[in-house]
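Look for subunit A in each of the two complexes below; its partner is subunit B in the first and subunit C in the second.
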Partner chain A sequence: MRRTVRQRLTVLGLTAPAYLWLTVAIFLPLSAMFCFSFLSALPLPGRSVSFTLDNYRTIFSKQLYLINTKRSLLLGLHVTLGCIAIGYPAALALAKYVRGRWREAVFLLIVLPFWSNGLVRTFSWTMVLRKDALLDWFVRLFVPDAPSLDLLFSYPAILIGLIHAYVPYMILTCYVSLQAIDDSLIEAARSLGASAFTAFRRIILPLSLPGLVAGTILIFVPVIGSFMEPEILGGKEAIMLGPIIERQFTASANWPLGAALSFVLLAIVLAIFAATWPFLRPHLRDA
Partner chain B sequence: MAKVGVILVRGYLALLLLFLYLPITVMIVMAFNQSALYQMPFVFDLKWFAALQDNQKLLDAGFNTVMIALINTVIATTLGTLAALAFARYSFRGKTLLQLLLFPPITIPWLIIGNSMLVMFYWIYLGRGLHAMLLGHVALSLPYVIIVVGARFRSFGTTLEEAAATLGASPWQAFWRITVPIMAPGMVAAALFAFAVSFDQFVISYFLAAPGVTTLPVEIYTAIRKGYTPEINAISTVIIVVSMGLMLLVSRFYRFGGER
Partner chain C sequence: MIVSRRGLFRTPAIALAALAGLWAALGAGSPASAAGELHVLNWQGYGTDEAWALKVFEERTGLKVIHDYFNSEQEMLTKLRTSPGTYDVVLINNTFTEQAAKEGLIEPIDPSKISNFADLTPQLRDSPHFNIGGKLYGIAWLWGVTSFAYNTEVIKDRPDSIEVLWDPKYAGHVGWRDDAVESVQMAALATGQDMNNPADLDKVKEKLHALKPQIKTFWSSEDEWNKHLAAHDYDIAVYWSGSAARSKKAFHLPVDFVVPKEGAIGWYDGLSIAANAPNPEGAHKFIDFMVSPEFYVKWDTDVGAPASANAKANAQLPADAMNRAVLGDPEVVKRLQWMAPMTDEQRQKYQEIWDEAKTSFAQ
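Showing the complex of A and B:
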């Protein structure tokens, strides 16, 4: 009996500092913002404010916010598809066709920029996409008189920047599930007469689905909440939830509306997590 | 595999790496180019780096960035290691819940977390500034520290400590002579990670920066929005070198993406 009490105290002492910190800096603020989203105005000293549903009413009735939400979801979809198209083959190549030191080296080179400064990487794309910069120079190697593509401040620019930022996630998650597939399964299928494509479709693809889903979530969620990349690379094309939320807290200082918008975004995020929980669960375990 | 296949696989991976590194390379090259308008031909010049020394705003922001990152590293590594120790060595009610609570700070978009902090800190009269940023950075680093240190704990288990106990070591001796040396690499990796999380953090700092009190990423963002200058390239080069160097160091202690 005494032992369990002592153990409980030890556990409490070890975990309390970290979780107290998380409570003050993450969980309480999220709750505070939830309250804020129902306020009629920013509560300044001497100003009376009331609780209201108006912020949410505004969001669901005005075309502007619906368009922004739709464009955010579309952006998430496009970036995810781009990451699958580029990342899945790379993960397959790394898991099944590259061995030993080469694999480790390539792997590290893929992960390295991913964990480095995101803002700087986004800025670096402006150097490539600007008018008459590297991209235009490259195109003119083949078509000397080509007009400038002038991609900066366009939707494709946002897309390129975000795919560049998030493709390592897809490679990582797909690699982990592809790596776990026993090669003898594939050999068995082939020796029983399956073509390489059939073996891929019936064995490799289904077995790597958990990695594909995990990668999709890990990319989709931050992309629909991104604001820095769309603003730097998209300019006026940054018509999405992230930038519009950011503006409520900075330029237009309408915090209650910004809080409500944030919660709509959070609700979308939570819905995605809930829908894909069975796929995510094993990944959480080994994290 | 056929020879064509080998060439295909290698070619594809080479293209991928080109895609990943090309923009960064161009950005760095332009930091060393003389032209203020990024014009070619390339003329080597260090003047943009020299200009950084006279930019007091940037120097202040740089000082803030490093200070916050250092304090963040100490606090997050200490608190995180304690929690990881509890998870690894004790089974208790609510453990799964506590572990699950590590994921909101990682998975909820930083934009939401950042402006929640802004709202909350405003409400309790904590305000914005370096203290607010530090509060936020530590909260974001903690889950990473707990995960990285936890992975190290798990790969060892308790056998060594039990052996020490059987051979007559007191719990305190076992802790200092066995647990700490085993944990050291995990803690170093976690500390580097925590430093990088704070050093590279933009979104949270952006919302919590007070007028005139910023960090490097916030300063760079403001400058980018005004227009591009090679000076931005120069400071960005410094940042990317530090941040990639840190991750190279981490990779010596911690394997990304599990087994390889």
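Showing the complex of A and C:
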């Protein structure tokens, strides 16, 4: 009896700071924003405001917001796919083929981008991607007469900046899942006649799915709301829901519309994960 | 049990200590500015934080000036709303002074304590945007023009029309500021309308959408503008007069500023005193120093600044200074349209128009 009470107290003591932090830092501001999204205007001293659904009505009736919601979701999709394409093979190689010192060195390289400030990292890409700058110089080492790639201020530039920023998440989460797979499972599959590809498809991929899902969530959610990388690297291609939401808060004093846009985005994310959950659940539970 | 007794005891203690630290950090911002200090809220690098000037001011008054900065007018208003009694002097653009006064964020200024008051250009000094309900809420300090500047090494013939921004010759070589109000006003000027109240918004939209082949990229700060021009990201771009003078003088960029025949956007900034300022006496002294020719002439000569609202200060500039040579011409001033306050509805409408135009650029 005493033991269980003490155990509970321990658990409470250990988790209370996290719950308190979540309440203060996430739940309270989010609920305040949720209320804002139903207001007719920013409540300032000496101004009367009322509750309304107009903000949501505006979002669903104007092409402007629908097009840019689509642009943001596509950006999230492209960046996530890019991170999988680069991150998953890297994680697989790290977990199964690279050993000892080399593994530590490669890990250091992967985590390195985390140590630099995001703004600095993004600005350094402008120096690489600009017309006749580092990237063009590098290409011309091999093809002397190559025309300039002129990637800066384009959609690919946004993709490059965001994939660079987020690929470590994918590598780390996939690595954890892949590393946990017992090598003897793969050996058993091969000795029973499965080709390398079949062993990958039937054993490795399903068992590493939790890592893939975790990485996807960690990347997709912040990317669809990103505004810094698109604005610095994207030029005319920068317009997305993220920058539009930012302007509602910083330029046009339309917090209610900005809040409503954020919650529409949140609802879409939740809907996407809810829709894919039935397919993922059996795999995640097995793991 | 993995957690030992000592561990059990310690964990909440550490958490409590962390919370106490957080509490102190949150509380530290609001109370008590020490005596002998003056708190100024302004854009960074916009005159009030010139190191030499603060030294002179401290020697004369014993007041140490401490700065806080904002990145947009909305942020400035938010800071005044959320931290009452923190700031003494605040820079407010004329179009926001009335709103700040009506919200009770700033308090009236006593012009008798401003020794340079009589020398200020009457058109700006007596503006109804500063004189509200018979009281003075802002001292006209600086004015300038939003128009465009170009790279004189690339473009040899000095353009005299705003249409140059839409000229196919410069397709893909135009820089633009990602700002809804400024964009709508530029388009209104280009279509020959009253920029504060354009009657035909469809024409404005059409003009903005026509920028699609022209714009290379957007800029958001003076520093970015300089870097883009130096890297030839663009050769002609929307810009501010004071910044153009600085790009030329401080950064030695081949830049010239144009006030085209269709007109340009005129704006002016005032210095105000925050409501419940801890040191209103010092605030009056600081504002008086800021509008003096002594401060302005050295600022514009060393660094480059917008034009001064103090006519005597402008007249003391060297003859080749842009603020005297270009903006000192009464013919140029006549072409300007002065920015007026806007309602939130207008602002939101413009934001939507501009976001729509930007969306069309990306497709």
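Following the convention adopted for this analysis, the second predicted complex is superposed on the first by the 238 of 287 C-alpha atoms of A that agree within 3 Å, B and C clash if a C-alpha of one lies under 4 Å from a C-alpha of the other, contacts with A are read in each partner's own complex, and residues count from 1 in each chain.
Please note the rule applied: contacts are C-beta pairs under 8 Å (C-beta built on N, C-alpha and C of every residue); 3 or more make two chains touch, one makes a residue touch a chain.
Here the structure is a predicted model, which is why all the values come from computation and not from measurement.
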Output check: A:V111 vs subunit B and subunit C. Expected answer is one of first, second, both, neither. What do you get?
first
Partner chain in contact with A:L14 - subunit B first, subunit C second, else both or neither:
both
Subunit A: partner with more touched residues, subunit B or subunit C
B
Identify the partner contact of A:S262: answer first if only subunit B is touched, second if only subunit C is, both if each is, neither if none is.
first
Under the stated touch criterion, which partner chain does A:S252 make contact with: subunit B (first), subunit C (second), both, or neither?
second
Quick check on the superposed pair: does A:I219 touch subunit B, subunit C, both, or neither? Answer first, second, both or neither.
neither
Where subunit B and subunit C land on the same part of subunit A: residues 7, 10, 13-14, 17, 130, 231, 249
Spell out the part of subunit A that touches subunit B in their complex, as residue ranges.
7-8, 10-11, 13-15, 17-19, 21-22, 24-30, 32-33, 36, 86, 89-90, 93-94, 97-98, 103-104, 106-113, 115-121, 123-128, 130, 133-134, 164, 167-168, 172, 175-176, 179, 218, 221-222, 224-228, 231-232, 242, 245-246, 249, 255, 258-259, 262, 265-266, 269, 273, 284, 286-287
Subunit C contact footprint on subunit A (complex, rising order)
3, 6-7, 9-10, 13-14, 16-17, 20, 41-42, 44-46, 62-64, 67-68, 71, 130-131, 152-153, 231, 235-239, 244, 247-254, 257
Interfacial residue positions of subunit C with respect to subunit A in the complex
1, 3, 8, 11-12, 15, 18-19, 71-72, 74-75, 81, 102-104, 178-180, 212, 215-218, 220, 231-233, 344, 347-348, 350-352, 355-356, 358-359, 361-363
For subunit B, which residues count as touching subunit A in their complex?
1, 5-6, 9, 12-13, 16-17, 19-24, 26-27, 30, 38, 79-80, 82-83, 85-87, 90, 92, 98, 100-101, 103-105, 107-113, 115-121, 123, 135-136, 138-139, 142, 146-147, 196, 199-200, 202-203, 206-207, 217, 220-221, 224-225, 228, 232-233, 236, 239-240, 243-244, 247-248, 250-251, 256-260
